[in-house]
C-alpha cells in the first residue's frame, strides 16, 4: 500500500511515493511559490499528480510548518506562509481527487523517526528538531500526540527563563531563544561584539565580518576543534538538556530523538545535553535515563512521516 | 460491574466499592500503620476483605503517592512510605485473591475527574492537584498517560525558575516550590518575618505566632477579604498559570482541572492563574484557551479513580 | 564665580553660564555635527567662546554620554559619538584657553540634583535617569563617585535577570533591558503583536500602527487613565524598584532621585517602584527606607552639573 | 600612636593593641558570653582593660557582625547577638574610659586589607568576605563607604536570581544563597542526596554521612584534586564573579580582595570567579579588568582594621 508524502518548505516542496517500509520509491520537487496560498496548493497538486501517474497510491499526507488543526485538514496559522485558517485538505482533495491529511512538519518528521528511524523500538518517544527554530513531536503509546486543537509539541515556546529573551511569539524566555540555530548565531555575534577572544577564530573564519557568522560555520569550526565554537554549541546543548528534563518530568519518554540542522554537530551538541539532562532530571536515582539518539531519516523524514500518517 | 478503590494516604487508608457510574456504594477506612510496608499491605487487604464480603467485585485499584511502575504493579519509590521497588500488586493479590492494579494517586484522582467529574466532556485533560505538594495527571485521547516508566505527570518537578529555590528532589527551582501549599505557607512566614505590614492580620489570626500560619488559615482569611492573604494566594495562582502555560505549549489540553486542598480558595486562586496562563500561553491569538475548572470529586477522587482504573 | 557648562547631546549641544547658585544666566546652543570628533569639538568651542565673551568664567565643564576617564579629561568610549580614547579636555583647552573638565552626562545631571535640585539636603544620593536608556550617578559623603577608571554608575548594566534579554552591551539580562524607555516601548509592541486586548487603546492611539507606539504616547495614555498603558509603566517601575533595592543593599543611599524622560509619568512610575523597592530591600524592618524623589532640574541638569563640577 | 582593636565573634572576642603599621603588638581573647549584651560588653571591657594596662592607647575600635549605625556608636541589629539598637560605644566608653568607635566587622576587615594588606596600592577597593555568609566592604577615594544609615556593603543581599532561593533575610535570590559557605555545603548535600556520582568521594570522605559534609572538607578534597569538590567550589566562584561584575558596573573598583574561609581554596575559587567576572562585566573591551587578590591579613584583619579606624 503506497502513499504520497509532501513536505512544504519555505523554498522547496518535496514530494515522494512511500511504501510501507518507509522507503521513498519515487520523488519530485517544486519550488515554493512565494506566499500565495493558491499557488502553493497548485504546486503541491502538480507534484502529486506527477507521482500518482506512475504509482497506485491510497492517499496523500502533507507536512507544513505551522499550526495544523486537530482534524488534520486545516492550517490554522503558518508564520512563514500566508495560510490563516486555510482548509488545505479540502483544497487539495478537490485538486488531486485523493484523500489528504495535513500534519505539522515536526510531527511528520517525528513520526518517521518513530516508525522507521531512530525510535522504532520505542512506544513513547520525544523528538526535538533543533534547526533554525525548535520543533517537537510526541509519541505516546504508539500514537502521535496532537492535542485538543492540534497545537501540541510546541516545545519551542515553553518558558526556559522567566523574563528572559523576547521571542517572536510575543512572550519572554521561550526555550527556542536559548537552544536553536538562531540562538546559537546570536550568541556568537554578541560575544564577538564584546571582543571575546574565544570568538576570534570564528570571526576570522567569517572573513572578519561578524554578521557573516552562521550556524554551519560554527558547526564546522566546532568539528575542527575550535574551543569557542565548541563552547557555543555546548551552551545550546546544555539549554536543550535542561529543557528536555522538564519535559521528561511531565511525559517520561522512553527515548529522545534529536534532529534538525544543528544536530549535525552530533555529540558536541548531545553530550552537553545529556549531562544537563541528567543533572536536571528529577528522581534520577529511581528511574532509567532516556537515551538521546540522533535522528536517522535526515531530510526524508518529512515526506516519509507525512506519507505514513496518510495511510 | 463493581470494583474496589483504595486510597493510601499518610494517615488514613480509605477504601470503597465503586459502581460504573463512579458512585461509592460502600466504604471503610483504616489508619495507615506508620511506615512498615507489610503492615500497610495488611491494612489495605483487611479493608478490601471487609468490602468484598458484601459486594461482588471484579478487581481492586490502589492509589498511592509515589512513583508507580508502568506495569501498574510495583511501587518504585514512595517518599512518605517505606516502599522501594515493592511488588505491591503481587503482595495484595496474594492476600485478597483479586486482580489488583496500582496507580499513582494523582493519576487516580485525575482519572476520576475525567470519567465522572469536571472533565467528562473532554478527550484531553490536564489535572493539577495543588495540595501540600503539586500533582499532575494527563489524559490524552481518552487515555491516562503513564510514560515509559510510569513517572509521567510529575509537573511538580518541571523547572519554573532556573537556579531557583532548592527542592526536596535535589534540584533547584521546581514548580512545586512556587505553587503548592508548602510554598504558600513558606512565603507567608517569610514575609511575616520581615515585618511586612500586609501579613499583620494573618499573624494576628495565628495568635501572634508566625509559625502557626498554615494553608487553611490563609485560605480562610483570603475568603474573608484580607488583602495580604489574597495576595499570597494570587501569587501561588500566578505561578500555577505560568507553569500551566508551558505545559499547554507541549500538550494543548482541552480543559484544565484544578484540585487539591489549595483549590478550596476557588477563584481567588484560579483567576490569577487564568490571567497568568493567558499572558504566558504562546499563540493565544490563534487558539482557544483551555478553561480552568475546579475539581468536583473532592476526596472521593482517589477511591473512584483507582476503582475505575481497575476495571 | 561663574563657569560654563556644556551638555553634548546626540542632536544638540547646549551650553550655559552658571552661577554658584546653579542658575543659568546665559545660554546658547549648536547642533551636533554628526560624528566627526573635531567638528563636535569646534562646535563646543564656538559656543564657549560666544558665552565667555560676555561673562567672566573660571572654567568649562563638559558633559557627554559615554565612558569618561577618571582623570576627567578623556572620553574613553562613546556609543553614539565617534570618540575613542579622545583627549577631549586637551583639545578644548587648546581651542578655548580655559580649564576644561569632562564628565559623564548622567554624573553631571546627578550632581546638579545633588547640589541644586531634589537632593540638596542629602549627603548620600543615588540618581537614576530613566530615559531611552538607563543612567546612574552616585554621590557618597558629598562626593561624586567616578570609580577607578571613571566607569562607575553604570546601573544600566547590572544584571537584573540571569540569562535574560540580550543587551546591546553584549551581555544578557542587563537592568536597562527591563526598565528604560526602550524596554517600555518594546514590551508594548510585543504585547500588541500577541493581540493582547489591554493594548487596544494604545494601538488605536498610534493610528492602528503598532510600530508607531512610543514612550511619550504610552505616558500620555497612562496619564489619561488607560489601564494598559498604566500597566506597562508600572511594570517598568517594578523592575526599577527591584534593581534599586539591590543597589541600596550595596550603597545605602539617603535619597533616590529619579529623572529622565520616563519620569514624566511621575507616581505612575514611582509608586510601583517604591512598592517593589520596599519588598526587595533587605533588612527593611531595621532601616529607614530612602525616599524616591522626582528630579527637579529638568533638561538644565546637564549644563548646571557640568558647570558646577568645573569649579 | 597605638589603638586597640576588638573583633567580637560568635564564640570568641579577640582584642589586640595595634600600631600605625598595622602590627598587633599585644593580644588577648575572651570567650563570647552567650547572647546577653551586658555580659558581652563586660567581656570586651575586660579585654581592653587588660591590654591598656601595658600600652598607652588613644582609643578602641570594635568590630561586630551586624548593622552598625552611621554614627559608628550603635549596633542597630545583630543577627547572632542580642543587640537591638544598642548604644555599644556609649556603654563601652563608660566601662573603659577611652574613646570607642564601632564598625561592621566586614568593614573593619576590608579596611585592614586596604591599609595594610592586599590593596595598599589602591584608592578604590571592593572586598568580599566569603565565609559561612557573604560580607562586603567598599573603599572609594580612600574612604570607607558606610552609607546613610551605616548599612552599605551588604552585597550578600543583592538579588542574584529573581525568585531564587529563599534567604534568611526574608527575600528570595540573595547572592549569599549562591556564593558562600552555606551555599557550598547545601549544594553538596543536595547533589549527594540525588545520588550524583561526582559527590561519591565527598560522601566517602565524610564517613558516608552526607550531613557531615562541611566547607573545610570540600576545600580539602578540592585541593587534593577531587573533581566533584572542585566543581562545587567552581560553581560558588562563578556566582561570585557574576555578582561582582554587577557591582563593578556600579562602582568600578580598582582591585577586588577576596577573603573569608572559603578563600582558602585560592585559585580553585578565584579562577572561575575571574572567568565569570570577565564574561559578565560590561564594556570589558574598553576598561581594565580589576584584579582579584586573596586577602592577606587573615584572621587579624578584624582587630587591625577596627583599631586603625579608631585612630
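Note that the chains take the letters A, B, C and D in the order they are written out, and that residue 1 is the start of every chain.
In this section, a contact is a pair of C-beta atoms (placed from the backbone, for glycine too) under 8 Å apart; a residue touches a chain by one contact, two chains touch by 3 or more.
Predicted model only: the values in this text are computed from it and were never measured.
*Asks:* Have a look at A-D, A-B or B-D and name the one that copies the B-C interface, over half of its contact pairs being the same.
*Replies:* So the equivalent interface, with over half the same contact pairs, is A-D.
*Asks:* More C-beta contacts across A-D or across A-C?
*Replies:* Answer by contact count: A-C.
*Asks:* Taking each chain's centre as its mean C-alpha position, how far apart are subunit A and subunit C in Å?
*Replies:* Here subunit A and subunit C have centroids separated by 45 Å.
*Asks:* With chain centres taken as the means of their Cα atoms, state the distance from subunit C to subunit D in Å.
*Replies:* About 34 Å, centre to centre.
*Asks:* How many Å are there between the centre of subunit A and the centre of subunit D, using C-alpha atoms for each centre?
*Replies:* One centre to the other, that is 51 Å.
*Asks:* Give the residues of subunit B touching no fewer than two other chains, as numbers and ranges.
*Replies:* 161-163, 169-171, 194, 196, 279
*Asks:* Can you check the complex and tell me which residues of subunit A touch subunit C?
*Replies:* 161-166, 169-173, 178, 186, 190-191, 193-194, 196
*Asks:* Quick one: in the complex, what on subunit D touches subunit A?
*Replies:* 162-163, 194-196, 279, 284-285
*Asks:* How about subunit C: which of its residues touch subunit D in the complex?
*Replies:* Subunit C residues touching subunit D: 67, 76-77, 122-124, 136, 138, 140-141, 143, 145-162, 169, 171, 174, 242, 245-247, 249-254, 279-280, 282-283, 286-288, 290.
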